[in-house]
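For reference, chains read A, B and C in written order, and residue numbers begin at 1 within each chain.
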Amino acid sequence: MNKMNLNQKISDFNPNDYSKLEKIMKKNYPKNINFDDIENLKDLLSFAQKKYQEKWNRFIPPFDILFDRWKNAENYGFGDKSNISSLSYIIGDVKIGKNCYIGPYTILDGSAGLEIDDNTGIAAGVQIYSHDTISRSLSGYKFKPSYGKVTIGKNCFIGPNAVITKGVKIGNTCFLGANSVLTFNLNDKQAASGNPCEIIGKVEVGEKGVVIKMKK
Amino acid sequence: MNKMNLNQKISDFNPNDYSKLEKIMKKNYPKNINFDDIENLKDLLSFAQKKYQEKWNRFIPPFDILFDRWKNAENYGFGDKSNISSLSYIIGDVKIGKNCYIGPYTILDGSAGLEIDDNTGIAAGVQIYSHDTISRSLSGYKFKPSYGKVTIGKNCFIGPNAVITKGVKIGNTCFLGANSVLTFNLNDKQAASGNPCEIIGKVEVGEKGVVIKMKK
Amino acid sequence: MNKMNLNQKISDFNPNDYSKLEKIMKKNYPKNINFDDIENLKDLLSFAQKKYQEKWNRFIPPFDILFDRWKNAENYGFGDKSNISSLSYIIGDVKIGKNCYIGPYTILDGSAGLEIDDNTGIAAGVQIYSHDTISRSLSGYKFKPSYGKVTIGKNCFIGPNAVITKGVKIGNTCFLGANSVLTFNLNDKQAASGNPCEIIGKVEVGEKGVVIKMKK
């Protein structure tokens, strides 16, 4: 489904490099900085924002501009023509097919495996988990996180801010509504929505368009 | 309703500038960088975070600090005294009135037009769409996205993480609850909430306060 | 519950420093910048992203990498072993206990006080408010925001994208489902979920695991 982009592999892991980075990550507040350097940083970012807006008629978060969505997907080893915002967390073993759109503010947790097949759209704000820490939190760290691989088929639409919990399997051509919380499996062509989430009908892809035929 | 801030128009579109930016956006990982430069970047950002916190008693994402919320709104052509986080996506034709608050983690999609009138508050995490790609995804790219302009009146409150879908018209003085998904129109003073979303009552603005009078 | 990390206090508030920062925050778009500087910034960030990914098998937003989650919590005065993403807004008087996880895309509003006790997990996208601007928006700024302190006990799990409104008190060992909107109090061991939100059952922490015993 996906292919790793080996050209992007710049080096084997270098513990020395990471330890330098980690030291920076954990550094205390500096006593002083040069305000000219902050001004220069702001200038770079706001210039990029303006140039991007002139081209695409979109204002997007200035840092996200520096990372092309299609290039991100290539770097992350996703399939051809997929794209993903840099404002996303991709954790562990995540396999993404071709022509997938993945919006900003998302979380794709493959700590126990996550596979998403071709042409599926993952709207902004969606969180997909293959683990949870419910028992760990509720027990005050007496119990460990639990895990379950998630798979999502081809040609699915996962609406904005939807949450999919560990172990869920979604077939092909499924619809999940915005702000839904899916904790059960969906067969091919099922449509689900709401919180609590329910099966609301069946996806029918015809010659002239797509209809969700609602359950009575 | 809004006025474009022509003073902020720094230049007509320069294809040469954008092509330089695009090359950077799509650049591969570098083989090496100078760790002192990363440390300097971290220092700038954490210093800004600390100074902002000392002034406002708020810790906010370090990059968002560099972009004043009111200045953003001015740059984006919004009305007087409106403000918007730089952690927002503003797409296409978006007109925003005066005194509007727009929080972080938001998406304002004006690909088919989006108008929001004066004094309306758009809480963090809200996503407002004037297009959708549901049929495109479910058909495996056989069909195109569909479009419908969205309008929101004056003095509305759109709660955190609410999603508003294409074509929806909202009147004045309307309330939409947190995490709701609004797919239908609201008349003046209607209150709606839930997922699925329902009309829950009527907004009554009195001399001493505001009440949502619940439907029986 | 929490302890302020006085070592991190780099200086008393310096109005002169803030005024320099504010000038940068409000600066207009620059007429020109050096594209080599943008390229260098991109290189720094993408190098950090790659090194982090090689170590942890996670792609995270490049700017968030620079700010270690545990160090953030220490800087913000949270309890031992708590951690929080830099992609979070922490407003006003927020007290966080030990061993708390707080995900990205969150808002912790302590404008009227917010306390979260030990071992509680706050998933990504959660927004907790101790004020609201509902009456202010609906009245066209005739009325002011209203306030109410929020407290959350020990060993709670607050699911992804949940919203908790002003004045809510949550006991110990409580479960709140993903995408829920909690507007009422929870006693110890209560589980709530949905939108509208309802009590769904009772949390039972046994020798072998945790169960949510559902209401009939």
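The definition used in the following text is that a contact is a pair of C-beta atoms (placed from the backbone, for glycine too) under 8 Å apart; a residue touches a chain by one contact, two chains touch by 3 or more.
Since we're looking at a predicted model, the values are computed, not measured.
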Superposing rotation of subunit A relative to subunit C, computed on C-alpha atoms, to nearest 5°: 120
Copies subunit A and subunit B touch via same or different residues, half shared test: different
Subunit A-subunit B separation of Cα centroids, rounded to whole Å: 19
Per-residue overlap in subunit B, given as positions that touch at least 2 other chains: 10-11, 21, 24-25, 27, 29-30, 38, 41-42, 46, 48, 50, 63, 66-67, 75, 105, 125, 161, 179-180, 195
Interfacial residue positions of subunit C with respect to subunit B in the complex: 10-14, 17-18, 21-22, 24-31, 35, 38-44, 46-50, 63, 66-67, 75-76, 86-93, 105, 107, 125, 127, 129, 133-143, 161, 163, 165, 179-181, 195-196
Complex contact set, residues of subunit B against subunit C: 7-8, 10-11, 20-21, 24-25, 27, 29-30, 32-33, 37-38, 41-42, 45-46, 48, 50-52, 54-55, 57-63, 65-68, 70-71, 75, 99, 101, 104-105, 118-121, 123-125, 154-157, 159-161, 173, 175, 177-180, 193-195, 203, 205, 209-210
